[in-house]
């Protein structure tokens, strides 16, 4: 039932799931455990505390759901809002689109601002909407920090300052699925009320954990939120936190041990160094794209993403063909273009447990694929541009100095 | 962060999570994969098809949610019912209690029949309820096949025949979390509309998959069911099944490969042999309990469970002490008594990837624990009773004949 | 190519290879590494130092060969002796027999004292031999500490005192394959010159490491020993120790990480507690054998082994049938009788990463097998005898008090 | 005790140990087994048969020793030769040098032909030596197929034809440690009498297996060879082959299962495709070296190696610094220059489970390192040259066509 593998290691450059470090695979290689034994609370407490450091929060309460990012979204919405509550949000790519779809189907009153795919949220539009909302009917502003479909990173600090300036009491809910743990993210400083991510992204774990942090204000909101919820209900978790047994239903002990190992790796490298590494890899990728004479789907440098780059291909080329060729000939996994940008972009994910040489190998692969499908790239050009930058910016490995 | 282990292997005898076979651990020991690559649909299709064999259905549609049993419950209810729909159900232990709690919080109109903890569903009560329901207001009958808290297995064939005899159109929703794959379960023959289980039980995987099968009638109901749902919505899955890409959001490829391995193990042994093995282990456990002079929490032989035995302890002994002592001295994990039977019972789980000698080691451990806490058991008595039966009933291992 | 496994976990009760703890499996689950990188010496040094603690020596030099016990034997002999050198040794079972065979084929002049299979080395015989050796022609006395074939443990302290009393300068070479790390073993106190073990025994690793410790006197002898050797030559290792790169040829980094984990487990439990646990398991096994009405192959209590028990079966029963039945019906792996005792004994290994309940499960299995093959054992009798003792003697698990 | 890892995956480009495929890691992730159970012979037989396919022999007998290449050498020599037997051999790098050292220390009469480090064996010299040997005193010609220290591959077919032309009866013993399974190797066609390799090279396993194939002529020689040997004695193995139990002492079941998986991977890809892939990677590497303006240590194209490239650095640069910088900054493991070429060459290993993009990533890394240490390389130049060739020569992945 194993799909026959190619020779050598798969180059996994989709923007998630990402490469799992050996340290994490090792930590997860274990039998099941009784999750009601005295051993589990020690582990549980440690990871619940330490995930907050990745979110840069000391005030929030963390929840680790056995679910995916989609479930984490649902948890964020249903715990803080009541049916027909008004949400202001922005649709700028496939993932923000899917979140909007979820909001609508969960029966919220969604004010959707459509944004060009490739652009980010315009603070002016946010300001206008909030200023027009005299009665504070908007209960939540929902923003995808990093739109994985287009490689657009929104400026949360700026959006926060707009909300502050408007003195608007709306909750700020943020999808940090492809950002938290890789991009600069400051839950407390930016007064984010609910932030969430999934284990298979920057944390470099297998899929299966939806990690949610809720500010005191969000927790307060959850007491009166009337959306129906059981599996995703924070209150069940809070009850078990109080009892010290932590889990209202069975967690995956393997993923919890894996999360412990993943957090340890991040803290050993240093969270800010991890973020800096993503910045380095993102910048190098963009230099390669430029060297190839191709355009970034992201329309302005202020929105460029350090976790994923969506590359626009010339009109006569189908980007799907690029992704397929990469996989069939070079064992390279790239991201497809989705929905509005299907066939128009391919995506290079550069997040998680990844280093410079892995990226350069993938960039060399993209060059060959581009030439294979008829785009007249100069082989080595992207690698050269990226290398020149990386050589200068890459520090010695901390533990090997 | 590792809790310091005892010497030797933990004897895991809680009724889930259960021992993960090495074959499954091996299958899961792998990097993440691009779940949109052409490799994933082949694997996905194979497991979606083959889980149905464990449910003994050829007509149902299967769903594999990245969730737990609690999530699988929510999926079963919200996809088939609308708010205020009437549900008839039975509360006979902690897990049926929690399902009732979920039904109520999801805003259904729940008619709860309370049953003694230790007893099973009385078909006569079901008949009475259905006969009284002239207008067919009851939209669903919800039954926990095997109540894990008390070790009670309900007779689904009989309950089905009652519904048939009453010509009642209600859907039959069954929690098979601690039964499917271990006890006799016949989704098609018993005309069950939604059946569900979790990966960490009889399938012997880590936690993380909620497996749900829906009959054509249930699927039909899902088209008009008005309960809000997104993460748990069958329709999203059905849409992706049609496209041949299978997953509306990221699955755990590790768990899917693990599921493939787990199914292969079951089919190699033979599903009916697996069920027979559970019957053997259950019977042996009950013989030991009897030899110890203790009572089974299950009040009548017709309800005894072959996956878990809840043992009543004398009034002067706190069963929690037994569970703690087992863990602290013998590295033996037993199940606590829950809720109404807290302190009164301890539970021996005997399901999943388990054999006769593992069970006998645990029974020997229970004997010593009982004596340690002051119960005057004759050491060896339970093992002797169980062995006498197992020696007669255990077949040669198929592959080694 | 996988041999179809039985349901549940194999009960591995051969006297090696033994169960590998999950901690060790995890540590070994890794890619290869450059063994000339700066990382490897740190690991190498740590395990070379720490294995000495298991041998209870601070004065010896340790060597870790990528080989088995047979290779470790060869290393001990060829590094300390020259062709035609006289060796005094004792043949008391299959493993001492094989060592003698090796000595003879390596062209040493071997004075073999044959001992009844089931008995240990008689100090009086040793004394006689040494006293008769006026000219100190005997260059080495070779003793198997624990003869795995018969379950006989020799009293090394006593043998040492005989050598001392005779003021004989012979080297004392000891096979500790099935003893070191499980039985009381004191290299320095007993002035052992070369002691050796294999990774798959008490250390609970996979096969592949032959661990040898050499006293200063043995090292001195190696400078003039004329036996030809390259792969097993200590001098090559010593040269690389000096350079700080440790390995004259490629080591298995996986096994070194595994060894690190195995040592950590032993030190966490406490080496003396580990030895005490083996004593407990050995004693419990012997009580069971007695309860079954069977005889221990070991002829006198002073020689009983706490790592393996060889059980004599009645003349009309073929012990091979017992081993086969255990494997075919109960997934229980027992040791065969070897050579002179083939068909007459079966062996229960009880060493390495093992606890009380695992042993009791195996003993319950042996009882059923005995009855299966026609021996009139009272089921439960051995388990009862062993349990009564274990209940009294098993301490709380250190980390769970 | 874990050396703190760099971010991302180590780029392992030493010429062994090489990357272990996940399939092999999975196969090895298992508890120990009783190696005397009926399961082990089935596995043993299958790998003993199938390793012969890698050697391209149907007539030889295979041996799998729990040892390294150094031990396999010792097995080849001691089983076929007697002390003072004359060996003709060639010293052309560190590994042939070490083999010569072993021959001398094992007391053979070694006629060593010294060859420039960077050159291969000259057939004319071989011819001269054999023609001068009227009395056929040379009992064995020993050749290292691929000298790993200098990246020199000898032409075995040509050397064989010289021996044939001279009608010389000497045995031909070949070290195929860094060739077999990666380079064109034809044991039967080239009438090689003993060929050997180690598990950590082309087979992509951990270290621990020395694999030796012996021709009928070599087996015949072993009957009269008087070199002392026990651990490495073929006869002990042959005796156990006859009994069908295969192992004179404990094998590593983990490595045997790993070997099974490694062989399966090679056969799935196709052995000739594997060899072609190594040719592709070797050629690409040499193109990169040329583009960098550096010289290959190999002095003539006829000797270039497709498993390792030794790159000469300009006189003012210390190649050790290159290797250290690669490791400290880029998590890239390169091979050091050894002995005569220490400081003068660094080595890029390109063998085993490896593909085009992994190599290109490493080449990009080497470019940056070269520049870091002051060599004026044009970044991207080597990658461009390699890519241009790889793009043309890389086939679609067989299983994904």
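As written, the chain order gives the labels A, B, C and D, with residue 1 at the start of each chain.
Note that in this section a contact is a pair of C-beta atoms (placed from the backbone, for glycine too) under 8 Å apart; a residue touches a chain by one contact, two chains touch by 3 or more.
Every value quoted in this text rests on a predicted model; they were computed, and no experiment measured them.
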Farthest chain (mean CA position) relative to chain B: D
Result of counting contacting C-beta pairs for B-C and A-C, higher pair: B-C
Centre-of-Cα separation between chain D and chain C, whole angstrom: 34
Inter-chain centre distance, chain A versus chain C - centres from mean C-alpha coordinates, in Å: 53
Centroid spacing, where centroids are CA-atom means, of chain B and chain C in whole angstrom: 44
Of all residues in chain A, the ones touching two or more other chains: 2-3, 19, 25, 29-31, 38, 327, 400
Contact set on chain C toward chain D in their complex: 1-3, 10, 12, 14, 16-20, 25, 28-39, 42-43, 46, 66-71, 74, 83, 101-102, 105-107, 198, 200, 206-208, 228-233, 248-255, 257, 260, 264, 327, 333, 335-336
Parts of chain A lying in touch with chain D, wherever the complex brings them together: 2-9, 11, 19, 21, 23, 29, 265, 268-269, 274, 277, 327-332, 353-362, 364-365, 367-368, 371-372, 378-381, 383-385, 387-388, 390-391, 394-401
Interfacial residue positions of chain A with respect to chain C in the complex: 22, 25-27, 29-31, 38, 400
